[in-house]
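Please find the structures below.
You will see two complexes here that share subunit A, one where it goes with subunit B and one where it goes with subunit C.
The block that comes next holds the complex of A and B.
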């Protein structure tokens, strides 16, 4: 396959366009999708770019179908992906569940919008709970929360690799701002940076005689006996726990001597980082923690970061989604937790600084 | 954080071209090697309502995509002023078109500076109504100095080069519109 990007290329474009380029660079074969704002341009750019590189696209009748056709493409051995947002993310939970059950390496790009229901087409961080634990299962998924166009590119490439290596559905989760805004980033050929792309192989319809040349492939998402499913879930959870230290990612700064640690994720972490710098410059010992994987959550790293601090300030464009994850993972740690929770609207550094000063009183 | 970031908010009716202005200016800043971030407002109001563009240009990484109050706020309609009062603060220079009836009564008292420029009238009389948004772009550049005129011309070329090829007069028209906007800002100070 000819490389999509020769060397490196600094560009100024929208996050959706970056996502489409990243999927191309990652060697994606086909996208299945259904339009929804603010994700539309992932599809639009993919449909423009894909034919130039011999890749494919299918627009389905709705998101349920887009999710299931993605599952089908994966079984046939295609590096298939989809992208959606808001109500589309809700509809896709059923196919995501199938991907969990059958251990399909599904990759989905999520651009969060305001909810509930159609909410706004603009922006939010309200799809955290849905994307991490949305199905009727145990949330055996990998969820990256990106904060910049560079990260959209990096994590889409990484996401395909992780999905095909560990066989858990993988999500690259941005938001309406990241989808639609323009900023600079560097596109690159993964091979030129020493990133090896995990190849896609057919999962069903393999050659050779079953029992002689190979084991049988039994992809199953329904079981007759409760014990059968129980056994499968035990194995799934064990695999997930084994994988966790290998995929978990976070960013922690100034936590060693911090009195209060600001915890934020995704695009809000940009304001979080600026706020901590402002506070430090003013003499306040503030710390910064950002989970990059929301699932698996960097529990160990967060527990270590808060060892010397007294309080945690959770900042999110949602009411209680990151906060719920933080509290769950800090259970039994004696800490005061406060939040700057602004569902469906953006947060700037000054607001965090002000809340921090109130909270430390 | 880091170096000083210039924050520009543009608001107008759908179709007045505020998103195009924001796109061209940030593209020019990027080409000049600056850090630029442009975040459009893309709610349903685009289908007949106020359209807002948030632009930030600086020397280092830009933080949050939107901001509370801008250094400069450009309003191209009365609704735009009314709806976007929240983005005007004590450090904001408010620029609006002098043809907007009733604008004065809607101007928030806390703005640092208020300038009414006859962009619609002058572009209509001396150039062409369609380059009104380029006049506004010239005004933004004149007021902030976020990009050089040279770079702005190159960005226009990149965006409209196809049309310029078909009709070379358009290039001159757009360049003159850019200069008109810059001069209007220079001349309309209190």
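The block that comes next holds the complex of A and C.
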């Protein structure tokens, strides 16, 4: 396959355009999508770029269909992907469930918007619970929360690899601000940076003659007995736990001597980091922690980070979604938890600094 | 039985998966006949190793290991998009979406309509038994006026619930040139098999969407004996659901 990017290339682009280029560079074969703001331009750029590289696209009748056609493409051994947001992410929980159950390496790019319902088309961080634990299962998914355009590029490439290696549905979750803003970043050929692309292989429609070269494949997705499903889920959970230390990612800074640690994710973590720097410059011992994978959650790292601190300040553009994950993962640690929770709106460093000072009183 | 007498084996298509026979459908169910027609068509076309069979949820889910063909089980109503995804990704495969009337005409109707409009090069086989069998016999889009089901205990009232869906008629009206659309019945096996074979040939030729509805029977939920089962299929169902071809591609003679 010819390289999509020769070497490295510095660009100034929107996050959606970056996502389309990253999918190309990651060797994605086909995209299935349905229009919803703020992810539309992932499709717009993909439909312009894909034919140049022999890749395909189908605009489906709804997100349910986009998700299930993606599942079909994956079973047939193609690197299929989709992108969605908000109510589309709600509808896609059904096909994500099939991907979880059948261990399909589905990759979805999520650009969060306001909710519930149609909410806004602009921005929010309210799809955390939905993306990590949506569906009638156990949340056997990998969810990356990106904070910059560079990360959208990096994690889309990594996301395809992780999905095809571990066979759990994988999500690269940004938001409307990241989707629509332009930012400087560097696109690169993964091979030039030593990133090997995990090859795709079919699980159905195999080569060879049935009864001569091979047996047929029967993929089961509904079980007659409770115990059959129990066994499947036990194995799934064991695989997930085994994978966790290999994929979990976070960023922790200034935590060793911190009195209060600011915990945030995604684009808000940029304000979180700025706030901690401002506070440090003012002589306040603030710490910074950012889960990059929201699922699996960096539990060990967070528990280690808070060892010497007294309080945790959770900052998010949602009411109680990151906070719920943080509390669950810090269960039985004696800590005071406060939140700066602003669903549907952005958060800047000054607000975090002010809240921090209030909280330490 | 004396040793001298030969044991007569039921004649099963080569593309049937032998180890799960006898199958799990209820006694008297029509699915076995539809799948026999499909199996024989697959054998005659020699496509056993390049076909992909997808089954829906409902009674059709029991077909997940019925054929000696690569098969996958999807969700209720979602077999069509899964097969579309496979076909779009690997056009050399012959994709067969197998579902009931609830899957194709109710919960997955948007997929039936849009796959037909896009002329997706897949084959849909939809088994019409006028009710939701697996869940215990509720009203389906195809339940006949006056027919008693668990959710129409006093008979289906078209004033309240509309008239039965005529699927092939709808698909024929919206699909473009190249589509193949027919309705067969398990009461006419040879004809049904012919329709299914033509539908598969249409996909192999890459002409367009191919859709076959098979009128079938559900004695368990209809609570009918053999005679009444057959009478309902042949006398009542065919009055509302005419059997035949609704759209046949114009094929240029070479």
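Everything that follows uses one rule, which is that the second predicted complex is superposed on the first by the 349 of 361 C-alpha atoms of A that agree within 3 Å, B and C clash if a C-alpha of one lies under 4 Å from a C-alpha of the other, contacts with A are read in each partner's own complex, and residues count from 1 in each chain.
As a working rule, a residue touches a chain if its C-beta (ideal position, glycine included) is under 8 Å from a C-beta of that chain, and two chains touch if they have at least 3 such contacts.
Here the structure is a predicted model, which is why all the values come from computation and not from measurement.
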### Query
Superposed on subunit A, are subunit B and subunit C clashing or fitting side by side?
fit
### Task
Using the superposition on chain A described above, determine whether A:73 touches subunit B (first), subunit C (second), both, or neither.
second
### Task
Considering only touches as defined above, state whether A:192 meets subunit B (first), subunit C (second), both or neither.
neither
### Query
A:98 contacts which: subunit B (first), subunit C (second), both, neither?
second
### Query
Touching A:346 in the superposition: subunit B (first), subunit C (second), both, neither?
first
### Query
Now for A:183: first (subunit B), second (subunit C), both, or neither, which partner does it touch?
first
### Query
Regarding the shared-chain residue A:65, is it in contact with subunit B (first), subunit C (second), both, or neither?
second
### Message
For the three-chain arrangement built by superposition, which of subunit B and subunit C touches the greater number of subunit A residues?
### Response
C
### Message
With both complexes overlaid on chain A, does A:333 touch subunit B (first), subunit C (second), both or neither?
### Response
neither
### Message
Going by the contact rule set out at the top, does A:37 touch subunit B (first), subunit C (second), both, or neither?
### Response
first
### Query
Taking the superposition as given, does A:270 touch the first partner, subunit B, the second, subunit C, both, or neither?
first
### Summary
Once superposed, subunit B sits from subunit C at a minimum Cα distance (Å) of 28
### Query
Where on subunit B does subunit A make contact in their complex?
1, 23, 26-27, 30, 35-44, 62-68
### Message
Which stretch or stretches of subunit A touch subunit B in the complex?
### Response
12, 37-38, 120-122, 176-178, 180-184, 267-268, 270-271, 273-274, 277-278, 346-351
### Message
If we count contacts the way the header does, which residues on subunit A are in touch with subunit C in the complex?
### Response
29-30, 32, 56, 58, 60-62, 64-65, 68-78, 80, 94-95, 97-98, 102, 202, 204-206, 208-211, 216-222
### Query
Any idea which subunit C residues touch subunit A in the complex?
17, 48-50, 52, 54, 57, 61, 64-65, 67-75, 78, 81-90, 93, 110-111, 113-114
